[in-house]
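Read from first to last, the chains carry the letters A, B and C; within each, the first residue is number 1.
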């Protein structure tokens, strides 16, 4: 059941249009993540849904009802801000209960609600403290509590984990995921971190420059990126994208890399129809490149090791093949040395091809 | 070649002497500043406790037996005094409340809203402070008379507040600017109206600005002379005015009582300024940045 | 940033209504008044620039203008020098800063009336404690009530006494804002404390100095109480300043027309002075900070 419709959203600042005709739905109880680099419009869209920015064009519908003109409170949305936006002069209890106070909920009821929420978030012992006495993670939980207590129709998260260090971020990610599993409130989450998007989302909308680059489940975006932007944005380390020329020679399909290096594909490898004189962009993820041949990894590429980055149990190997650089993620057995010759193997099925002019996926 | 040690030692001694001289000079200068600032006030305050005949003794006594007779006589020998003090209080409180209320509201708008008119009117707010107040007394005098507002508290309250409201708006704007806008947004999402956001979230965080404005207006209103001279005669006469009238008296001035009255008039505000200096300084720097 | 809506306009109303009704509109009306002959209570007769001519040909006006010019310049520059000196002194370190600032602020808290009263009494020839000290030191009678220059000097003194705290605070705040790392770099480069003051402190305090100059000029221009309460402009109107001249015209002689003309001349005068300094500041800002 569709809870929220974003129908042809447009945002203009004067003559400048920053969000171009964006449409998507959010299902009831779904955790939708908007992800993209700075300036892609994700925060703008979130704020339009919240009611903090005017909707220049298009319609926002909640439960089928148009709500463009309603205030945030009337839309029953709650928001967790990037800088937490906790009221510094109020205690944790007053912060969480502020919306109830404004709605003139009787004291006893309000206290009970605040306590309930604080217990779920495990901040019950902090109710009397001021925000400045709390750690980053605690403040974040108060901000979430403030949103939770209103039992909203829609949770909005505006890059809530950006201000936390890596370890805390991982912890809070888990908390948010668990919270969603318990409460099942429809949620829209904005972040620039693709890892957050992948781990938290039921569905991801990847945005670029005010347009939707791709919409789908995390698997969709990871396994079948619709264009080069999504291919490079999702997944870490970044997918290798190299320009190649495809040609048929002696019944084999050969992909020639710039500088003369070759990727041999086994006979009969089916490649989608190639346009553009055979100029394409080929993409392969570092995880899918291996230094050891495995069944199925029938394609090969040769080169010279340029740089090594140990990760602990794995190692990132950067290789020069002709004029092209490739990064592979391999198990670290101490077998590599810079300057060595190296052959990388991969399964051609793992190859992604993109039109080098339109940047769109082929096949 | 002279011995390295013999070069160092005399320099060190000379530097130490120079250092002590500097310290003495600085202490003297600070003492001078204290005397310059406080002596006139101390003179009046101390004299108010002296016996009538001792007040103008030369050289004046620093040690003397204090007497409260002038203070006791204030109410009886200077019948107009306490009523004018009450007027000063009413006018000062009224002007402060009016000016602060108006500038909190407008300072909030200037901080949180953007508009061509708004940006242009900032210049107007600054320019208006350049107008000599005495100039507006000419047209206002007959108007006030016609409205039967002459010699009322209202006249002074409105006049005093108006002359401060533009600076106070800028001070409040500066303080409110420092509050992140996401707090406004969180309040709106929580369901607050604009007024609720202003009074429940913004104002508690901008109290320093409010304090600065309040002190500026209160001190000004408590001490003001020109408008009080022109617009009040009897009923709403403020303390500075009655003090000036006694000053003009050629003979028969009861100096002891005068000094006692003056001490009573200056003491509250002087103490206020001394204790609240923090807010004053904050307000000054905020106002000058914008002004 | 939000766009203006009716609620916001309502919130602007108290401030702007006050300003409009009490200052803006009356100022325009004063200009109209200045073009008319009017005495209090009678009807207006349009006389064009006659009032301005009357004022500008009055020797009393020019006397007042000259006195104002002298006093204003004396007040502004002497006060500035003292304030800069004080600020430099404080910059070197203050013991018990709270107490020192409290004492420095005291004159600000005192009414002009009380200030004039006290200084008048202390400087009263023959009886005042300061006057008698001066006279006993062999400087002759300190009779400012018959000597206009002496009287205007006392006026200058009182005005400086009242306003020094604010000027000092403004300049001190400006000096405080200079990053300590600049002084440390200078010390490494071998600068003496004197050089540090001249080459770092002063140049970087110029914005604050200009601001307080502008304010002080504009406010000194309006000088009234100190003169009125000390000499009432006498003897023989020799110690009048522009504001006193205006007051006499309007409220003593009842000539609202000429008083209004004086008023607008004062406005032009103070705006003129302010704009010279504002232009200097503007030029400096355009040149960029060094």
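Here is the rule we use: a residue touches a chain if its C-beta (ideal position, glycine included) is under 8 Å from a C-beta of that chain, and two chains touch if they have at least 3 such contacts.
Everything numeric in this text was worked out from a predicted model, so none of it was measured.
Ranked by C-beta contact pairs, the top pair of chains is B-C. Core chain by CA centroid proximity to the global CA centroid: B. Note: centroid distance subunit B to subunit C, computed from Cα atoms, is 16 Å. Measuring from the averaged C-alpha position of subunit A to that of subunit C gives a distance of 62 Å. Taking each chain's centre as the mean of its C-alpha atoms, subunit A lies 57 Å from subunit B. With touch defined as above, subunit B holds no residue shared between interfaces to two or more other chains. Within the complex formed with subunit B, the subunit C residues making contact are 1-4, 7-8, 11-12, 14-16, 18-19, 22-24, 26-27, 29-30, 33, 40, 86, 89, 92, 94, 98, 100-120, 122, 127, 129, 132, 161, 165-166, 169-170, 173, 208, 211-212, 215, 218, 221-222, 224-225, 229, 243, 246-247, 250-251, 256, 259-260, 263-264, 266-267, 270-271, 274. Residues of subunit A that touch subunit B in their complex: 50-52, 71-73, 77-79, 81-83, 85-89, 98-99, 102-103, 146, 150. Those residues of subunit B whose C-beta lies close enough to touch subunit C in the complex are 26, 29-30, 33-34, 36-38, 40-41, 43-44, 56, 58-60, 98, 101-103, 105-106, 108-109, 112-115, 117-118, 121, 125, 128-143, 158-159, 161-163, 165-166, 169, 194, 219, 222-226, 230, 239-241, 243-244, 247, 262, 265-266, 269-270, 272-275, 277, 280-281, 284-285, 288, 291. On the side of subunit B, the complex with subunit A involves touching residues 180, 182-183, 185-192, 196, 200-201, 204-205.
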